[in-house]
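Per-chain residue numbering starts at 1, and chain names A, B, C and D are given in the order in which the chains are listed.
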Amino acid sequence: MANSEFQYVRLHETWDGLAPDNWIVVRIDGKGFSKFTKRYDFAKPNDRRAIDLMNAAAVEVVKQFVDIVVAYGQSDEYSFVFHEDTTLFDRRAFKLATTIATTFSVEYALQWPQFFPGQPLTRPFPTFDGRTVLYPKLRNLRDYLSWRQADCHINNLYNTTFWSMVQLGGMTPTAAELELKKWLNQNQGTVSADKNEILFSRFKINYNNEPEVYRKGSVVFREFDDPPPSTDTNIDPHSATNPPTPTQPHQTQTKPLSKTQAEKERKRRQKARVVVEHVDIIKDGFWDSRPWILASRG
Amino acid sequence: MANSEFQYVRLHETWDGLAPDNWIVVRIDGKGFSKFTKRYDFAKPNDRRAIDLMNAAAVEVVKQFVDIVVAYGQSDEYSFVFHEDTTLFDRRAFKLATTIATTFSVEYALQWPQFFPGQPLTRPFPTFDGRTVLYPKLRNLRDYLSWRQADCHINNLYNTTFWSMVQLGGMTPTAAELELKKWLNQNQGTVSADKNEILFSRFKINYNNEPEVYRKGSVVFREFDDPPPSTDTNIDPHSATNPPTPTQPHQTQTKPLSKTQAEKERKRRQKARVVVEHVDIIKDGFWDSRPWILASRG
Amino acid sequence: MANSEFQYVRLHETWDGLAPDNWIVVRIDGKGFSKFTKRYDFAKPNDRRAIDLMNAAAVEVVKQFVDIVVAYGQSDEYSFVFHEDTTLFDRRAFKLATTIATTFSVEYALQWPQFFPGQPLTRPFPTFDGRTVLYPKLRNLRDYLSWRQADCHINNLYNTTFWSMVQLGGMTPTAAELELKKWLNQNQGTVSADKNEILFSRFKINYNNEPEVYRKGSVVFREFDDPPPSTDTNIDPHSATNPPTPTQPHQTQTKPLSKTQAEKERKRRQKARVVVEHVDIIKDGFWDSRPWILASRG
Amino acid sequence: MANSEFQYVRLHETWDGLAPDNWIVVRIDGKGFSKFTKRYDFAKPNDRRAIDLMNAAAVEVVKQFVDIVVAYGQSDEYSFVFHEDTTLFDRRAFKLATTIATTFSVEYALQWPQFFPGQPLTRPFPTFDGRTVLYPKLRNLRDYLSWRQADCHINNLYNTTFWSMVQLGGMTPTAAELELKKWLNQNQGTVSADKNEILFSRFKINYNNEPEVYRKGSVVFREFDDPPPSTDTNIDPHSATNPPTPTQPHQTQTKPLSKTQAEKERKRRQKARVVVEHVDIIKDGFWDSRPWILASRG
């Protein structure tokens, strides 16, 4: 029963290494979460326990994989950003996507009792699917993160308005949806301001006073107590996109760290505090004040 | 803060639908399981609790996804076979791989306490990565499954011999490994018989009396109490590879079931008993007596 | 000026080997041929010289690549079918597509003067783009070829009718198009018969008397003077899709020919006559009487 | 004979659009050119007629496709660089590779008689295969081109030395190869200088006096009589890699030109002179003095 006669089937496996010099995003999404959230009576428009659980799971993922430089989450999705130079799993797409999705899903399931005590999980258990997306330029990556945060804002503004009309205004969901659609059609382009006004004038809710965790989503990254190593300190925050002046060949730029240096850097990252903040990542402020997050690796 | 200016980043997402008319295998593998099994003192060469847990998780995966026609597991890996005609998730590779990997991983984590009571899981939690592989012909799929079962046999025979030498024979692991290597080099091609003999003559162990669950691995599939629908009853067991006689166009063969029929079939599958057996799947017997497993869908 | 510092760019090249055990079709299409045919006053609806040139080029392509088992052409397109077991260029998609497309294009350009004497080619010169498509089952391949021949029929019937209305009926192109559209809308499902009738009743043209080269397109394949080797003679014409009975492992089926045998077979193919016929390839007759074309390779 | 029953085969065609925001290189290579060059008695180490023909073909390719910003050729290969923003053929890889490969191959075949009069082409005719490669950063693209030019230098130095030893030194090819290998092994790292010295001391050939067309290869690009439009004039030569400061969203950077502007730009490119030069493209000088070649498109 030697297996040599069957081994040809391995030739059907394909290599799935992702192109070098691209930022890798692994985005995960809750599977069937509209049903799931009803089954567990999630508060509307936002359930703080659920968001805290998402963030707790994401923090563990970031801690475990030091090549993740930043993660952004909102609703039932999370995006994990691997540095463009990562060689984790030889950049194999399926390894990356399934490892992140399973690590997150298991964290979510095992931490659930702490956030939803007295509501034990029943089948189908919550899971998160995942995919990889490549971004060639730092600009593309920034725009991707901006896209997700803008999406968070738009959805949350809509949901907050909708649920205020239902919960505080006593409208039926159907009536609220109809009225919102009408406004949206009449006021294309001024959507946000309009909805702000509805919220304020009807329900005395000032949207800008809503908690930032709902309006901005959650950003997960490393904070260092010690200053970053000297090669990074003087770095222009945008330097990761600045190629060396062309006289310097690429090799100089990405000369791999020596093994000792790399190990030292890995340990430094492992020791760093992984924090969660609810802040604007569309404008430059966040990135300018934390240059190490997207810095090129010397 | 409209997000339209950022939406171009979606163009970087690629379509990952798998080619039609191919059998889809999703194979999952335990991440870092050699460390993990040491951490939890798994019995060597096989830990029955661990195998039972793998199988319990696999059964739930098969129950949840009716397009999985058969699954095969051994050691810390499991292969789930989707019918060549499945349209689940539009055959998107990442959806398939991550959904199976996360569902399995969460089942494994949540069922753990029943199989390892008193040994609560600590981080890093066990997870399983996953990948998809396509097999164009039924013959290829059968050979794939044969490959995995032959691999199970070879590994288990080696491990049983090795651990007998250590546990019963009092050899050090290094000494046992050396002696086995020597034999292997001297007896290429007669490996299995040799190891059988060592086991028997030294430790009075007849390998063929070892439990089938270790020697054959585990096969998960559906058993039906009611006979399969009439279209399948008269079917030649190999019919899934027999194209219609070429005068019949393909359309006839794969004419999609009507919506009512498809729903009825789905329910029939959901009601079926999902069973685990430890049997030979390299020879034809298993498949011939269960023609519905790989049958084409009329 | 060593180039080692730049060699990392090779890592950006991706492997494009096509999946094993699939039939490979390379289809080429004339680039901008509606303009090109006007520039050279091609006869309408069909220009015999142009079709003869296409076929002459295709014959040379088939002669040069013995792993092409059959080719089918119509209008300004040609499909070249590589045997599912071919290892030409390690099955690399770009090698296959560009080699076939360039060989065909150069043949077309260099043979042009024989078919269009006195009409020298000017820029932009005619070229043909190309692509690869995989078909896992022989049934899929047969259906692909049927699709192209049915397409030939439908287009040719339409064009013959249209140009008869214009050339013989004295209608303007616009009027002819309108009238045809009206008929098509009124007679969905009975399209061909209708057009046949228009042709016949108005212009006394019996479509079935139109030359087969226009109605059926062109099939290019090998004819052998000597009978095929004994392993093939007793073969069921559909055997390429019949897997061996599952007790025979795959290895037996596709055991590679010995080097001497393979070389002998290659020479036999090179010596074969490459012929062009205009025959039905949708029904089984053509294939049944030439079993060697799609036969599995023993 | 409706073809609807066969149309499902189209589902087997896969989408091959290349990722946005990447530079696209189509590299073509002569098929079987070591045999071909012997058949037509190409001069060794370099045949000026052959190189002139390669360049003449490349110039026509660049003229025909205005989205090619630069091309680089040496020996029997040519690399055509499409701007990272090109939307030609919807960035479909096979369309791009086969169109360039066929256009080049047909030009080569049809211009052959002007460069090799009295030596008519016989079968197998010369053809060039092709492939696409993506480079995410301008730095990667520059390094790719440097890699090809460094390769040209290394090969040409070796070939010039080797053929001098044979043609002027009267050595057999085998003896020359052996002696060169010995030197190479003894003098790793100082290779070029060594070979220069051999050339000079033995054959009184100063390699640096060899024609630049052999030492540098050929660069094909557009020269404009009119200054480029004002948006480009003040541009930093490396600006294509400089993202806008992050406060400017991506949209601003790549806002597509208006239709009129785009058409005007296309015409401007079509009118430009396409030139061939044999110059260094590894250092910055070439690029700094021709900023329009790699400039971003505003």
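Methods note: contacts are C-beta pairs under 8 Å (C-beta built on N, C-alpha and C of every residue); 3 or more make two chains touch, one makes a residue touch a chain.
None of the values given here were measured: they were computed from a predicted structure.
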- Message: If I superpose the C-alpha trace of chain B onto chain C, what rotation angle comes out, expressed in steps of 5 degrees from 0 to 180?
- Response: 180
- Task: Indicate whether more than half of the residue numbers at the chain C-chain D interface occur in both copies; give same if so and different if not.
- Result: same
- Query: Taking each chain's centre as the mean of its CA atoms, how far is chain B from chain C in angstrom?
  - Reply: 41
- Approximate Å spacing (C-alpha centroids) for the pair chain C, chain D: 32
- Just curious, how far off is chain D from chain B if you go by their C-alpha centres, in Å? 49
- At which residue positions does chain C touch at least two other chains? 6, 8, 12, 14, 19, 21, 134-135, 140, 143, 146, 249-250
- What topology does the chain contact graph adopt: line, ring, star, complete, or other? complete
- Item | Residue numbers on chain C that touch chain B, as the complex places them | 19, 21-22, 134-140, 142-143, 146, 238, 241-247, 249-250, 253, 283-284, 287
- Residue ranges of chain D touching chain C (in the complex, touch as defined): 1-3, 6-10, 12-14, 16, 28, 31, 60, 64, 93-95, 97-99, 101-103, 105-107, 109-110, 121, 123-135, 140, 143-144, 146-147, 150-151, 153-154, 191-192, 282
- Item | chain A residues touching chain C - in the complex, by the definition given at the top | 5-6, 8, 11-12, 14-15, 19-21, 249-251, 254
